[in-house]
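What follows are several structures.
Two complexes follow with subunit A in common, the first pairing it with subunit B and the second with subunit C.
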Partner chain A sequence: MSGAPTNKYQISLSDESKERIIKLLEYSKTIAHYGFIPFVLYLGWSSTPNKPSLFNLLSPFPSA
Partner chain B sequence: MSQDHSAPAVTPIALGDLSKLTVPTLPSLTTDAPKANGLWSSNPVFSYLNDVYITIGEHRKSLGLTNPGTIENLSKEVTRDVFLNQYFFSGLRADLNKAFSMAPAFQTSHTLSIGSNVLPAYAFSALYATDDYFVQGNIDNDLSFSGRINYGWDKHNISKVTLQLANGQPSMVQLEQDYQASDFSINLKTLNPSLLYGGFSGVAVGSLLQSLTPKLAVGLEAMYSKQAGPSPPESAVSYVGRYNAGNWIATAQVQAQGAFIASFWRKVSEKVEAGIETQIAASFKQVTDPLMGTPIGFEPVFEGQTTIGAKYEYRSAVFRGQLDTAGRVSAFLEKRVLPTVSLLFSGEIDHFKQTSKLGLGLQFESAGNEQLLMMQQGLIDANGNPVPGAPQL
Partner chain C sequence: MYTYMEYLQKCFYKSTSWNEDNIFSNITASSSAILEFPIPTGIKLDSSSKSSEYSASSFTLSNYHSINGSLAYLYSSVPLRNTMGTREISLQDAIAGFRIIEPNINGISSIGGQDNFKHITGKYDKSSLLYGRMYFPGSALEAMIIKRITSQTQLLIKCINNPHLDKNGTMILYLQKNTPKYSREFIYSTNESLIGFRCLYNFGNADNANNINTALIPKFDNSVISIGTELWYAARTMSPGLSTAFRYSTRSTSTGKPLTMTLAVNPILGHISSTYTVKTSVASTFSSKYDFNFFSYASNLSLGFELYNYSKENPLHSFTNRSVNLSSEENKYLEKRSERGNTIPIRSHTSIAHKDKDNLIINPIQNLDNYYHINPTLLPDKTLSKPTSRKSSKSSSLSAKEAAELERLSSANSESVTTAFQNLVNESDFASVVKFSTSLNDRMVKILWEGRVKDFLVSTGVKVSVNPTTNAPEFNRFGVSFSYAC
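For the complex of A and B:
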């Protein structure tokens, strides 16, 4: 059972392109890891009418 | 509209007089109803199938069924609303939430914690939500990150992506699709899917919950998991049922691993809810030789646990208390002392193990602009109008 039939649905990729995909996934992980929160802050900042400064965005104290 | 279209078609036009012929330059915006004598409906097989489909559809409507919710939220009323497990914390903590805008919602939050072995010392999170999507990110002092994106395509379809990344730990990504129709819900999700290591690896879960009567819903959940490498795949099917009678809800789950979970929720009064949950799990435990310490066989083990809890909502406080058969008594109190400051207290005593846990917390709400600040203090309402009875500015 573990022979040919399982290979039928397998994507055949060369080791080189496999490595490339893994590397690409690693990069996108790093981007998501450090870029996601700045992205959320940017989304929020751009939709807020009074455009708070970076310090106001990051400080926990009221800034009115 | 239809008269305009049909009129030129029936009036005979002289062959040479093409300019009088109305040639539509834009496709009509209104789609035509299926023709009664078209190929699809005139052939006996399809007309029969159409009739059956329409009859079933009408019959389904006549049953008055409602969407049963999702399997994930099957016993939400008990395990998430009444029980305090997901609110419980130990040690000291402070939450500093800052709202920048309400619609779309944009909020940041800083959480500081001491003396807890679950909560990180510092965590920052940001949330942004509009009507059709929701983005949230959370990062702590170890740079462990978790993020969520939910996107609603329409009111029935929601796609969800959940990410968890931490340095030196395996990362986790979950893709999820929710489809909630008028009387059933389908949920498909996959955890760490990959096609790189010889076919599919990861976890795939599909679930269906269907309303049978306006109150009763049944469903099943199928799970398939395959680790990368030579290990064989695993699969499991769980069955669930839920009966919602308005002021009480009963649910039951039979899980493939041999666990049975039943829960019961009841609204005792306007402000009081109570819940009870029983879990019975059958598993096999390895029996070791008392002298040699070598495994000699297996014995079936039945384990059960029952938890009973209640939730009281006061005007400015919420109290949750629960008691379980493992000897634990716990309580959680959330009290709003000022419009922008809440106090949290959580405590647990384990009578069998003679241990206890205590948590104290403060929650501050602050605002990024003047208007929200006044709104939080109850001086103005969401439209910027002064609240009657509020102190004059």
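For the complex of A and C:
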């Protein structure tokens, strides 16, 4: 009787879907972690008018 | 020494007319550059290249503890055209040093008036910069995103993430508003749920002085007073933080030499820190800092200086007869070098001009005779102040013509001395710099040498301190860092 109002605004989730959400967050974190640098590279590549080669873009060493 | 990525970030700020000196955290930048410079540890190698105007990459290898390194990439939506590699970069741009605080912030009155300013900033309203660095071994990621929302507002996100640690990352968000008159920042950090607010207000800008008859009062518009404060609250531990700082920056009207004084107070910790930094000549800066805690009565005095050495190469590109408004030290230097034709070596702009003909840098001083001739396009727009000055001159006993002449002379004098000194600082061709700093209470000495060796920028330094128990001197830090960029 008294417990009903407190539960009113809570979304009840099954353990299975909770686990799924945690897993999804984990995956998205990993994707953001490893995808950030390729994303930076893609932005650099796409905004350059004469699209540079992948090697040119990746190499931090001076190219002749 | 800035890393290449830090240098590119500064270039991004410069080309989108974002004034870094107007941010509260940089209020003591001048003194900390001379007193709290970092000493490299171990051997570090840095190779960077700008693959296009929009992207750059950098690779770092160091042997601190074990061999480790990092790979960094940067993207800027604004083309970074006037950047330079380590071969041609001026040391003043590559190394943190004295920062001359501009009274006319964001270049409103220094470059072509308000319309031009709007034109420049409007172009870069939505500009952004992304930077990512991955460290190995361990593949920890350091990321930064700068997104300009309007010309004066930006969102800055900094993030560190390590997949191999349990509590593996932290993120800081800054929402910054930076206008010539003030700057405000709202900060949120996921670490401890830290919430912060910082602000900085400037007083004594030149745009107010234009309304008064400048012929009759001495010009004090070289000075800027900034007052700022920061408030912090860690929501998780419920601990507050507070500090206030004051900065006074001015330039001598006779020699044009800039000096900066700051006073920072933290009433919660009872800490007061005052600094005095002065550019004693074109090639030297001196700084002192006094710290005091009024709870413990502990105090500390720090002293430091930096000395630049002129380059012995490129004697072709130089200004002659520059001894007009300079101190005795520069004049002595000129006398000593009289066999070289009374010149101070300056950096040539031809190397840049060769690279990109559309982006020629206008030389502010055009003629090379006994007087400074400032390029008229770089002078502040006087058309706005003309009607007011005419009105006020009527009320005074001077005739309009006399007043106008006086005004012209006074503005020409103070403009020429301060800008001439600044230009000399910016354009002198230096080969190396020696930094020295000591702290009496900590009983330590730091010496750093940074300079150009072939096409590399080399930085080497040592920190020696006295052991508090055995009283024997010991080396705390020692290292060499090489960096190459093109």
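Convention: the second predicted complex is superposed on the first by the 49 of 64 C-alpha atoms of A that agree within 3 Å, B and C clash if a C-alpha of one lies under 4 Å from a C-alpha of the other, contacts with A are read in each partner's own complex, and residues count from 1 in each chain.
Basically, a contact is a pair of C-beta atoms (placed from the backbone, for glycine too) under 8 Å apart; a residue touches a chain by one contact, two chains touch by 3 or more.
The model shown is predicted, which means the values in this text are computed figures rather than measured ones.
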* Asked: More subunit A residues touched by subunit B or by subunit C?
  -> B
* Asked: Given the touch rule stated above, what does A:Ile21 touch, subunit B (first), subunit C (second), both, or neither?
  -> first
* Once the structures are superposed on A, label A:Ser47 by its partner contacts, choosing first (subunit B), second (subunit C), both or neither. => both
* Asked: Taking the superposition as given, does A:Leu13 touch the first partner, subunit B, the second, subunit C, both, or neither?
  -> first
* What is the shared patch of subunit A, the residues that subunit B and subunit C both contact? -> 29, 32-33, 36-37, 39-41, 43-44, 47-48, 52, 56-58, 60-63
* Would you mind writing out the residues of subunit A in touch with subunit B in their complex? => 6, 9-11, 13, 18, 21-22, 29, 32-33, 36-37, 39-41, 43-44, 47-50, 52, 56-58, 60-64
* Asked: Where on subunit C does subunit A make contact in their complex?
  -> 47-49, 51-55, 57-59, 71-75, 77, 130-132, 134, 139, 141, 143, 161, 163, 484, 486
* To do: Spell out the part of subunit A that touches subunit C in their complex, as residue ranges.
  => 29-30, 32-34, 36-37, 39-41, 43-45, 47-48, 52, 56-63
* Taking the complex as given, what residues does subunit B use to touch subunit A? -> 96, 98, 100-101, 104, 106, 108, 110, 124, 126-128, 130, 135-137, 139, 143, 145, 147, 163, 165, 171, 195-196, 198-199, 364, 366-370, 372-373
